[in-house]
Structures are given as C-alpha cells and as structure tokens.
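Letters are used for the chains, namely A, B, C, D and E, taken in the order the chains are written, and counting of residues starts over at 1 for each.
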Amino acid sequence: MARWFLRRLGQILPTLLILSFGIFALQQLMPGDPALILAGEDRGDPEVLAQIRAELMLDRPLLEQYFHWLGRVLVGDFGFSWRIREPVSQLILSKLPVTAQLASMSFLIALVIGIPAGVLSAVWKDKPADWGINAVALFGISTPNFWLGIMMIMFFSVHLGWLPPSGYVPLWEDPVQSLATTIMPAFVLGTGVASVLMRHTRAAMLTALAQDYVRTARAKGLMERVVVARHALRNALIPVVTLGTIEFGRLLAGAVLTEQIFSIPGFGKLVVDAVFNRDYPVVQGVVLVTALIFVTLSLVADILAMLVNPRLRAA
Amino acid sequence: MSATTATVIRPPQSPARRALSAFVAHKLAMFGLLVVLVFIIGAVFAPYLAGADPIATSWSAIRKAPSAAHWFGTDENGRDVFARVLYGARASLAAGVIAVGGALLIGVPFGLIAGLAGGWVDAVISRVADAMLAVPFLILAIALAAFLGPALENAMLAIAISASPIFTRLARGMVQDAASQDYVEAARAMGNPPWRTAILHILPNIAPSLLVQATLSIAEAIIAEASLSFLGLGQQPPSPSWGSMLNSAQRFIENAPWLAIFPGGAIFVLVLALNLVGDGLRDALDPRGAKR
Amino acid sequence: MLLGADDPVHTMLSVDRLSVTFQTARGPLRAVDDVSFTLEPGRTVALVGESGCGKSVTSLAIMGLLPGSARIGGRLSFEGRDLLALSAVERRKLSGGTLAMVFQEPMTSLNPAFTAGEQVAEALRVHEGLSAEAAMKRAVEMLDRVRIPDPARRAAQYPHQLSGGMRQRVMIAMALVCKPRLLIADEPTTALDVTVQAQILSLLAELKRETGTAILLVTHDLGVVADHADEVVVMYAGRVAETAPVGALFARPEHPYAIGLMGAAPRFATPGGRLASIAGTVPDLMSPPPGCRFAPRCPFGDDRCAEQPPMAPLAAGHQVACWVAPIA
Amino acid sequence: MTGYALELAGIRRHFPVRDALGRPKGAVRAVDGVSLRVAPGEVLAIVGESGCGKSTLGRLALRLLEPDEGNVQVLGQEWTALSPRALRAARRDAQMIFQDPFASLDPRMTVAAAIEEPLILHTRLSRAERLKRVHELLARVGLRPETAVRYPHEFSGGQRQRIAIARAIASNPRIVIGDEPVSALDVSVQAQVLNLLMDLIREMGLAFILISHDLGVVRHVADRVAVMYLGRIVEEGPAAGIFAAPAHPYTRALLAAVPGQGAAEAEPIRGEMPSPIAPPPGCRFHTRCPFAVARCSAETPELLGTTHKVACHLAGELPPAAPFAEAHTGGERLSRLAAHFHREEA
Amino acid sequence: QQPQNLRIGLREDPDIMDPTLARTFVGRIVFASICDKLFDINERLEIVPQLATGYRWEDPRTLLVTLRQNVRFHDGEVMDAEAVRYSLNRHLTMQGSFRRGEINTMESVEVVDPQTVRIRLTGPSAPFLSQLTDRAGMIVSPRAAEAAGRNFGARPICAGPYRFVERVAQDRIVVERFPEYWNAEKIHIQRITYLPIPDGTVRLANLQSGALEMVQTIEPDDLAAVRRNNRLRVSISDELGYQSLTINIGNGPRAQTPMGQDARVRQAFELSIDRAAINQVVYEGVYTPTVQPLPPANPYAAGALRPEPRDVNRARALLREAGVTTPVVVNMTVPNNPDLRQAAEVMQSMVREAGFDLRINAMEFASSLQAAVRGDFEVYLLGWSGRVDPDGNTWSFIHSRGPQNDGRYSNPEVDRLLDEARVEADVGKRRDLYAQAFQIAIRQDRSRIYLWHRKNIVVHTARLQGFTNVPDGLIRVTGLRLQ
C-alpha cells in the first residue's frame, strides 16, 4: 500500500509542477500589466510603476520568477496577494471552508436527487416517467449556472423574500443563516451535478439490471425491490462512486460563476477576481491548491472505488 | 456450399449504416436531431428567415415586448430579438462545433500517441492532460481568452484547448483497450506496421465513442461560450450570440424578461436536443446493441 | 415422459404446448413454439440443440424469469399447479425454494459485490426466514456439500477470488440450498474445463441420487447427454424435433436434424474423416420457413415437408416430428 | 536447415502481475521452457486446461509476444533475431486464426478489405489482381464472391471464421496457428469449419498448430499431440498413440474426463489447476496426481522419449491406462445417414 | 434601542485598506468611515475642515493648517501635529505610495505646535489643498503605522468615526462605532458592514429583499424599479468625473489613422453621435451629456462649452473635406461593461450614417488598460471618476506630459494654459485659463470626445435617514440614522 501511495504521489508531483509552470507561463503571456492594474485609476507615475515592478519581481526573467516562487512554495510560503496584501495561504485557508461547505451541500443535493432519479429512470426505462426524469436532468445540464442563479434570486429572494439573495454567513457564526445563504447556490450547483449523477446512475443501473446476476437474484425468489436495491444498485454504484468523487472535486475546485453571482467568498470567486486583477500570487496559489485537491480527490476516488468494489479490494 | 451463404440479399450494410438505421429508430434521438437541424437551418438561412437585421437599431422601439411585429420583442437597442436569436445560433453553433472540432484535433492525436507509444511519452502526455484537467474549466478558458483577446474565435479556441484533455484521455484509454482486441492483434500478426494499425484499424473503431463524447461536448461548449460571454469574453458586439444576449439581458431581467427568455430557451432546447442526439448515438453505436 | 401423461401423482413438471413470443423492434419473434415434454421426480431430461434454438427461453419460462417483452402461451404445470397462473408472491415463494436454477455463466451469474456465502445464504433467509448467522451456517454446510474445500474461508470470499469451477459450485450450492424438487441447469458446465466439467456433473448426479431432485439439463454437448440424461428433448429452431430415452436416441436417431447433429460431432466420427456438416444456417425466427423448419437444410426431405409434421410416436417414449421418419 | 516448418526451443515467457493497485505480485509463468517442432504438412495439437499457456505459446511462436528466453525458427529462419521490419515481411509465411470470430475481424472493414490486407502488405499485386485473388479465396472457403462487399457483422459465426481463414491463407503461408479456431462454434458449424480446415491443410501442405481444449476435435484432426500443464509440456507424441495409451497421469485424467464415454460413475480427477503464479515445485501435477510419490514433489521430471515423450518420473511404472473410448453409439447407420449431409461439399 | 447595523453593498471588493497604498474608488467609500482627512468637501464641492479646523496660505508655497483638539486615533493615541507630519511624509516617501503623485509638490512639513503644521511646497499649487480632502489628507496613527509597516492595511488605525473590526476578503469589511470619535454624538449607527456584490442585478436584489440597507450605486435602468418601491429611497448627484473617448493621436503606429491624424475626421465623428439619444437609450436619460471634463456643478466648468447638435450632413461634408475614403474604419476599445458595450453599440449605429465603420473591441479591463498605455488602440472608451479640483480632471489627460494622456495629445499652448491654471489661485482667472485650454484641446483639436457625466445613484432603505449625496460618490456616515 505504501508503495502504491508513493507511486501515486510520484504522479501527482509532476502534474503539479507542469501545471504551476503552465499557469506561470500563461500569466506571463496574458496581456495586462499587473503594476498598472495595481496602480488603479490614478495609474501613478512611471517611477511608482517601476518600483512596483521591482518589488513584485516583474522585471525579472520568467524562469527566475518561477523558481523564486517555487522555492518559496516548497517551504510553504505562497506569497502575498498583490491587491490586498494578505498572505495567499491565509486567503486560501479562509476560503476553503466556504467552498467546502458549498461543495458539500451541492453534492448532498446532487446525491439526494441524482441517484434515486437515476435508479427510477432505469427501472422505468422507456416509460413516460423515465422521459420526464431525463428531461429534468437535461434541464439541469443545459441551463447555464449564472442564469439559473439569477432566476432563483429573482424568485426566492426578491419576489418571495424567503432567502437572502447573496452573501455568505459562516456556519459557525449562525448555522441557520449560513444554510439560508448557501442553499440557493448549492442548489444551482447541485442540479448540474445531480444531472450528471443521474445520467450515469441510470446508465450503470441499466447495465447492472441486464446482468446475469440480477437474473440469478430473481431466480432466488427475491422481491423486485430487493433485486433492484441490493443486487443491481450495489454494483451500479461502483462507477458512480468514482465519478461522484471527481464531481465533488470539481465542486471544491471552485464554482466560478455561481460564486460570482451569489457573492460567495469561495475559491472560484477568489481566483476569478485574481485573474481579472492580475493578482498572480493568488491565481498561482489557488490553482495549485485546487489542482492538489483535484488530484487528491481522484486518489480518494480510487480508494473509494477499492472499498466499494470487492474486485479491487482484495488482492 | 451455396446454401451456407444464403444470407438474405440485402445491400451491404456498413457499421455506419447499421448505426444509422438504429439511430433512425430511436425516436427521442430523431426528435433531438430534428431540433438541431431546425437550429442549423435557422442559422444558415437566418438572412431569409429573420425578417429583420439583427444589428439594426431602432431608437423608437427599445425593449418592446413580443408582438406581431417583433415575435420575440426588441432588445435594449431596439433590435429584433427573433433575428438576434437566429443569428445568435450561428455563433453558438459555431462555438460548439468548431470548439469541439478543435478539441478533437488537439486531443485525439495526443491520445493516440500516448496510448500507442506508452512509456515516457505516455507519461508526459498524460501528466500534461491531468494538469489541464485539474484547472477548473472556466479559469483556463478565462486565462486563455484574456491571453488571446476577447473574440468569438478566441473563445472557441480557449474552449477547444480546455476541452481537449478529455479527448486525449478518452482516446488514450480506448486505444489501449482496442490494442488488446483480437482484430488488432490479427492486424499485427498479418504484418501491419504500427502506424497502419493505428490509423486503419484502431482509429475507425474508437471514432464512434469519440463522436458520442463530441455531441455532449458540443452542448457543453455552447454553455461555455455563454459563460464566457457572461464574463464578456465571447462574441463581440453588436453581433449576437446567445451567451452575450443573456449577458446583456441580465440588466433588464425585471423590465424586459423576454430578452433573457428567448436566448436562454434557445440554449436549453439546443443543448437538450444535442444531448438526446448524443444518447441516441451512444445507443446506436453501442456494440452491445449490435446484432451478434 | 409420455406426452399428455397428466397423472398428477407422478408428473412433476409438465410443459404443454409452450410457446414464447418476444415483442422486438423488428416485430414479434416466436422463440419457442409448441414445445411439450414432461419430467418426473428423480429423473434427468436433457434439452439439446444448437445455439438459439430456444433451450434457455424454455427454461426461463419455467422459472418465470422471462423479460416483460415475452408473451407466453400454452400450459406449464408443476406438481399440478398452473405456473402461469401464479401470483407474483406465490411465484417468489416457489422460485429459489422448490424450483431452482443453475445458470450457464458462473462468471457473471454471481453478484460480484457480495461474498459467496452471502449469496448462498440469501435464499435461505428469504425462503426459510433464517437469521443471518443461521443462514450463513447452513450456507457454509452447503458449500461443503458441493465439495468446496475450506468452505468457511471460501464463504467469505468474493466471486472474483474463486476459480470458474468453484463459482459454478457456489451456483449449485445456491440452487440446492433450499432443497428444490426441480433443478434447471442451463448449460452448467459449458464454460468449464473438461476436468472440472466432469467434477460438476458427477456432483449433480450424486445430489440427484441423494435427494431425488428432478433435473432439466440444458446442454449442446451430446457427450454430456449420453452420460447424464435419462431422456432427451432435441430442439430445432424453437420446436421439438425428437424426444427419446437417451439410449434410443443414440442408438437410433430418427429426426434428420438429430442425425446431422450427431454426425457433426467429431466424437462420433472416424478420425480424419469427413464430418457431417448441415448445410446452411439456423432459420431466422422472425420469419421461419413454413412447414418443417429443418426442411431447407434437410437432405432427406420431400414435398410433405412443406407442412409442419406432427409429433409422432415411434416407440415407447420415442417421438419424432418428421414426415420421413423412420429412416432406414 | 532443419527441414521443420517451425521449431521452438526452450521458450519461456513470464508475465509480471500487479494487483488492482499496481503492486507487483509475482509473475504468471505462462510458458515455462517449451520446445516443439512441427514438420510441413503436419497437424500438431496443443491441448490442456484453460490458463495452462496454450495461447501464449501460440503467440510466442509467431512473435506476437516476445519470449523471455528461447528461440523460434520459422522455415529455418531465426525469428527471435529479426528486426521489426524484417519480421513484418516474414509474417507472410506464418499466419494465425483466432478463437473468437466476432472479435478477430475488424468490424469496420469489409470482407474484401480484410482479406486484401495481407495481399497489400506482402505482395506486389495490382488492385485488380488482388481483387481477383480475394474472390478466389472467398470461393475457396465456400463463400460467394458477392459477399466481399459486406461487413463481418452480417455473417454468422461459421461464416466469419471462414473469412478469417481466407485472410490467414491469403499470403500463402507455410504455417498456420489456429488458436481454438472452432471452439466458439456450434457443433454443426464446427463440423463445416473443421472439414474446410482439413482440406486446406492437405491441399496447401500446411504445417498447422491446433490449439484446443476439445479432445474430440483433437482426436479427429491432429497428427501429433502435445499436452500442456501449467506452462510445460507433459506429454507429446503421435495422436493415435496418445489416445490409445496415454502415458502421463494428467493426460489420462484429461481423456477420462471427456464426456460420452459412459463414465458418469467414474471418479473424476480431484482439484483444479494450481495458480500459475506459484506453481508447485517438482512435477507440477503432483498435487492432483493419484500416483504421486515423494520424488514427484522434489524433482522436476524431464520430457523424455523419442516419438512419444513423457515428463513423468513414474512413466514406465504406471498401470496401463484405459484407452480413450471411441464413440460406440450411432454406428454404421449413423455414418451412412450422416454421409447424406456431405453432399453440399461436392 | 437595539444596536443599529448598516449594510452597504459595494460594486467590487476594495483593495488594500492603507491610505498610502490604496487605489480603488470603493476603497475610498470604506475609508470614509474609518479615516478622517484633514479636509472634506461638501455637496457644493467646497472644501470644509475635518481633522483640521482651518488653513491659511502664508504665501503661495506655504500652507498653515490648524488642527482639531482632543482627537484620538482608534488605538488611543492622540492625533496631533506630529501625527500629521508623520502621515504626510509617509504618503510622500513610502515605497510604492500612490499618494506621492498627488502631493509631490510638497517639500516639507513642519510641526509648529501640537495643533498647527506648516506645509511647504516646491512651488505654487492650486490643487494641493484639494488633495488633502482625499486619501492624501488621511492621518494615520504613527505608532500603529510604524509597528505594522507595509501591513498596516490589514488593520488600519485612523481617526475616523468607525474603527476597523474585520475584513474577509471578497466578503465583507466590518467597522464599528468609535466612541471616542471627536464628533461621536453625530454618529448613530453602531456597526457598518460593507459587502462587495459585483453583479448589479444581484446587488439590487439584495436591497429589494432587505438584505442590504444601502447600495453604493445602481444602473440607471434599474431606477424605475427602485422608484416604484416605496420602501426604497434614491439619492442622485452628479459625479465629479466624466466618460470620454480617448483618441490615439500620437501614441505609436496605431495613431496613423484618419481619426488619429485629422481633426476634421474626429469632428465628423463627434458630430455624428447624439449624446442625448445615447443617454436616453442606455442610461434612461439620467446622465448629463457633456463636451468637457468638468461637470456643470464645478465652479471652473466652461459654461459656454455645450454639446453641438448631431449633424450628419456636416459630418459627411467634413469627411469629404478630409479626403478620406468612406467608410472610415474606426476600432474602438471598450472595457467589458454591459452599459459601455451598449453605448458603444449605439454609437456604432449612429456613426455608420456619417460614413464610419465603427468596430467594437470589448476587452477585459486589465488588458484594455495596458493596451491603452502601450498605444495599442485607436479609440478608447473609458471613464474617469473625477477630482474636486479641475486640475485632477484635466492636466493628467490633455497635458503632453500627463501620465494618463494615452492618446499622446500634445499642444504647447494647451500645456502652457494648464500649467498656468495649476498655480493660479484666483477662481475667475483660473476658469478663464481652463476655458481657453478647452477651446483649443476640445473644440479646435478635438483631442478627446467627452461624452457625459455619470450620476451617483445611491439607493437606500427608507429607514435610513440623514444621507447627503456629495458628488464625489462617497458615503459619509456622519448623521446617518436607521429608524
């Protein structure tokens, strides 16, 4: 196990290195002078701009900047946000719980909707109920998040006044309010993931239901409910678990537009604002952490797959 | 031995034709295809169908609700929303098709190479693809669009690049899968050089799965274009795309909801239709659906 | 084994004019057409025929496991009860308890997500209402009876950890654990090596001796039939071509298809010589030929074959559906 | 020059195995030191239980797999030393037929294209000449030339296997390896294909290696038989000799297990083949051998003998074996009636 | 009475909260509650004392400022002349200071007595005093600033009515009433939370649903909805700035266009647009069309300079006169805001009639800014938030050495006039100088096309009282009260 872990870690590192360098290079190629953006509307005089550039090492060659940054990261220092001068690590740490909460809630919503819907539509394949479930699922996939988000705000906050339209209250400050602020974005995100889960659960269930062992289960005289829920679903969930973990990773990696719409101070918003403000240390840090989360979760996905799939578990 | 070959005399049926007939039998998929075709026709013949110039402004008819004169109403510059939705289909369809075409062109060759070459070539390509997948799509697309400058073509390119690792992965996996198939081994046993095996035997056989993924990716690309437009990185004014229409409609969601409903509905219907087509294709091309 | 022998005391299973039609996209497909035979306790009836001739569909019809797209005609009675008239609940009580089935593919017929023991125990819990522990205990005993070495350890293993022969034994244990009175074995050994096949078949024979279970053995291997069946039903394209006691069939096959089938088996031919190869292919059941279904491939046929031949008795328990039979 | 069509010497191939997590777990000793010779015009059958390494041996013989050790000589040419390019050219002499007729034909190539491929690769024929040859080949395997434009899925299993055979003989090979070429087929179809194969072997003077687990088929077709157990050959000799007097206990068990010998009551051989990852020491069969003695678990027996070779310490000492029971049913009447079914091959 | 909490929606997240290093406009809104300045401005744009009690020009280069007594910083330190000296020097000398450009005419600060400082300038400067009404006039606690160094912005300590409590980047900034504030009796609200909500629709939705009490600004097209809502109040004032088209006249190769090279073409362009119509279409007629950088309320505005009516025929004639082939292709860079894009689209259709082919290049802001500085543009549509002193709206943009003169317009006469106006203390004379400069730079050379002055549209709940809308768009907290 340890060796396997090391091998996997051995794969993560190059991925992260390639990624960080790629992002670095991309930043360098991106138009927009960070010093100029930092100077704001007043621009400042050229001397100030030069000072800023020197301070941020923007006048150095790309590789020097990169290795300087890398050297710092290796000792756990992600640098400071150029724009608000907070340490990037602190920014990331403060956004992580927000995003984690949002991602978890969306994922929960996705699970609660997606999996039963997938199972039912597989059981009712080609019946009107199946079509209905599929149409709703596809609605989830095909509605841009920003659009659904604004619609929900207009309806639930402005017209009905039930939910706060945007913003975020931390869970530990006021749990009820916290849920109220995150339920809409979580729903917007969750429906998309629910659709994906539903479609995959359905496919996996259809496959599972066509398997010989389902027939064996029926031959034993089991009730259809038991056949579906125990024999078919248990197997259908194997691919869905892997997929679900990856989807969760994508939720964690930042729900860019949704956070933007709902002013949720999470990862996605952090990084988008940072890109637009050319706040490169933040971009760099967030992308790195995001990628780390992502690859870690795909590791977790493998481990989970191992847990649910006896074929992988027992060597 | 004549009786042995007495299979019913039918015109030869290529796998593609067989898939086609299976597809045609798939009602939902045909419906989806019909919708897509309607959109394509609408886009291609927009000049004849629109009945109005999509960029002709009219200060006397700003944000007018749908009426007989303007079926979908007019927008904030007094332009006919129906015409803009039709013309917008051009941008959105192009965004989808071209971006996914690009993603295929970028992604598949790398996937083929990685899958066939193995070893360090595979490792490098896979790691780069992983790295790209690990960056949230919009971030990558935003960075690329910012780098390339905002324009529909660049948005397409950005979408293409960020969608390509999926195809690399898919192609790589399928190539490795196919490489262990008997017919590939048979090709080798016959004395086929590797490149010939790859292009003649493997590629045609993985193409259907790529096609299915492509239809689904087109749907995603259309939404991605909308999202990039929402951030102002897609189609440039005054030319319409559904995404940019939705984007500017946002300001008027209270006063002029039709500005959002029609492009939003168009996205929904088209993406839905593409998904249906993709599903149909998957069923039609599924080897398990094939008669043994 | 006589047709129409409907003495309720002796006839365990009677299949009477069974027909099964599938509603397919291309139209109705009659997979089984007018099939009749009976099965007595403690006997083995073999169902033989080429792939696609309807053997499995017949077995599944008896088990009530056909998909919803199937329409069943005729009568199936088990110990006097009409199987087709059973309610879902009654049917469930019967399946897995009194009626059990072993499937062809031991690799896929076991659920990969449950241990062997769990799968064997499940039927006990359903049919005998045993607790989990009690059921598991019985399951382990059953695994031991089907000669799985170290049954307690094996019971805790997943199917993928077992070899093919072992899995088939688990399948058999699963089928036998509730002491069924009728066991349907659908090609139980086709996927196995000859040595393992021999083990499994002798195991089945032994169990039959001990419990008096009736067996419907589906196979396409005439060797297996010769060694293990009491009576044989030869099927062709959804219909019964010939039914006979096993000795009679091998001594004197009457239906041209049965002759062709035996002549095609290398086991029954001289080494290096020509094998009988039945020309053409099995008809498409969607549009079967009119009259005798074997007629287009039959070297013995004549004008009468344009009509469907009736099942005609030749000797005790030996019936054949052929105008030409008996052939000299 | 040896005069053999194919000569394998000391071939060994181990597959490293990893578990689901990619941890190495040892090696499957799929083929563990096998030497064989096949003369032109000879049919050698390789028999054995599933997983004993038959297919691997076949693939090694054609260098579709690289052996870890040992040499392969095809028509006197040392194949193990050929460059990839030279190997590709040499492949015209040695072809393969696979077990699964559904998997071994590219589903997206017409029959003509599939059969034409070896001609493109190995001959300088013009397109028209190639097409003519394709039609000849189709006719040879009993398919109508019109079928050339069809796709594999439009054919039945037997027809597909004929196509695969036509493809295999297209380049006029001297050696053909059939890896279970008929086991996926129904008996009656199997008979058609076997008849065809035997005709071709005779006509073309092919050296044919038949890999099979069906001893009925082997008995019918093979001139010589090699019995494999866990990656090794345990017995090899003329078919008639082996079936009449199997020398190795494993061969005996294998023959005895064939159904249809009225052996329902006989006690079948115990146990299953051990894992090829950790084969038993000494004679690999000793764990299941009813005759095993202490020596069997300690010492590996050599394959000894002249024409009929056996790898067993007790080779000379065992009681005489019951011969393979030739089928007794059916008899003369069956042969006569069955002959009516040959007519179509006239 | 329960503690009052005021939630204000901002259009973006402020940058660093250090008066010396801060740059953004929204940052100034937050500073308005935590950092008092030496001076402030009122609704009439008059300079009024805040931490100072008065000032006197000893000579055109020496300013004497008297300070308020008994003022304390949030850390309890006393705000005195020494603190003022420290803060002004910090603004002037700290590395990376963005204040330096604003007060670089300052030579030195002397402490005269604890309540008086003397500021010496390198030369006469009319705008200098007005700079002290903004961040350059904010006084920080020397002790805290010294201790925190460059990280002062993480926890700013000033002498404003509220003290900084916490900041969660991109989420909120919370400030709390400072009981020892010198004017504490006029501060009624206990706590203010500033919430950045970038999306205009969502910002308004928050206000409508009662999740905010106030928003910094809304779009004109939402005015109608807000006015219908009787629980909301709107307060509109002219902004100090303007929006204009910067034309590349001499910045690199892209200046080599008819627009860049021929004032007649620019005039034709200007004549072909109808500002009032654009204002009507895009901004509901709320904004004020203009042709000059100074809003009407500014005492230095050139009253005679009014928008010319749209005249397509003359525009065509001018193009003919200029001898250019029509359509004249004009590429216009537009930052990616929905309203600016729409305005550009309207312009596009207007100038088409006169023979221009206006191509819109909507660009993400950071990229557009860099492009403008590099001269990689032909026409650039951009706004300026404005300064109280006319110099802040002019010199930088039309003086040949102006740092924001992206089009590199250069006319020695204009330079001279602007330099003179800079040191002219007399209001009347100064107004004349600007009028002359505008006459040349705008009417004659058409160096820029000024479009309109926006409005600060502040919306708040009817429960909030005491809000005065000063044209600088800041939200002053003194006197605010929630019912």
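The rule we apply is simple: contacts are C-beta pairs under 8 Å (C-beta built on N, C-alpha and C of every residue); 3 or more make two chains touch, one makes a residue touch a chain.
The structure displayed is predicted, hence computed values, not measured ones.
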Ask   = Which number of steps is the smallest that gets you from chain B over to chain D via touching chains?
value = 1
Key: Each chain counted as touching chain B and chain C at once   = A, D
Remark   = A student comparing A-C to C-D should find more C-beta pairs in contact for C-D
Centre-of-Cα separation between chain E and chain C, whole angstrom = 90
Task = Would you kindly tell me how far, in whole Å, the mean C-alpha position of chain E lies from that of chain A?
result = 38
Key: Separation of chain A from chain D, taking each centre as the mean of its C-alpha atoms, in whole Å   = 54
Key: Geometric centre distance via CA averages, chain E-chain B, whole Å   = 46
Request  = Could you tell me which residues belong to chain D and also touch two or more other chains?
outcome  = 156, 158, 192, 344-345
Ask   = For chain B, which residues are shared contacts with two or more other chains?
value = 1, 3-4, 7, 146, 149, 231, 250, 253-254
Query = What are the residues of chain A that contact at least two other chains?
reply = 30-32, 150, 154, 311
List of chain B residues in touch with chain D within their complex = 1-5, 7, 10, 12-15, 18, 181-183, 185-193, 200-201, 204-205, 287, 290-292
Ask   = Hey, which residues of chain D end up touching chain B in the complex?
value = 59, 62, 64, 87-92, 95-96, 98-100, 102-110, 117-118, 121-122, 142-144, 147, 149-151, 153-156, 158-159, 164, 167, 171, 192, 344-345
Ask   = Can you name the residues of chain A that touch chain B in the complex?
value = 11, 14-16, 18-19, 22-23, 26-27, 29-32, 131, 135, 138-139, 141-147, 150, 154, 250, 253-254, 256-257, 268, 271-272, 275, 287, 290-291, 294-295
Inquiry  = Residue numbers of chain C touching chain A in their complex, please.
reply    = 63, 65, 91-97, 100-101, 103, 105, 108-115, 119, 122-123, 126-127, 157-158, 160-161, 171, 174-175
Request  = Within their complex, state which residues of chain D touch chain C.
outcome  = 49-50, 156, 158, 186-192, 194-195, 198, 213-217, 219-221, 239-240, 253-254, 256-269, 272-273, 327, 329-330, 333-335, 337-345
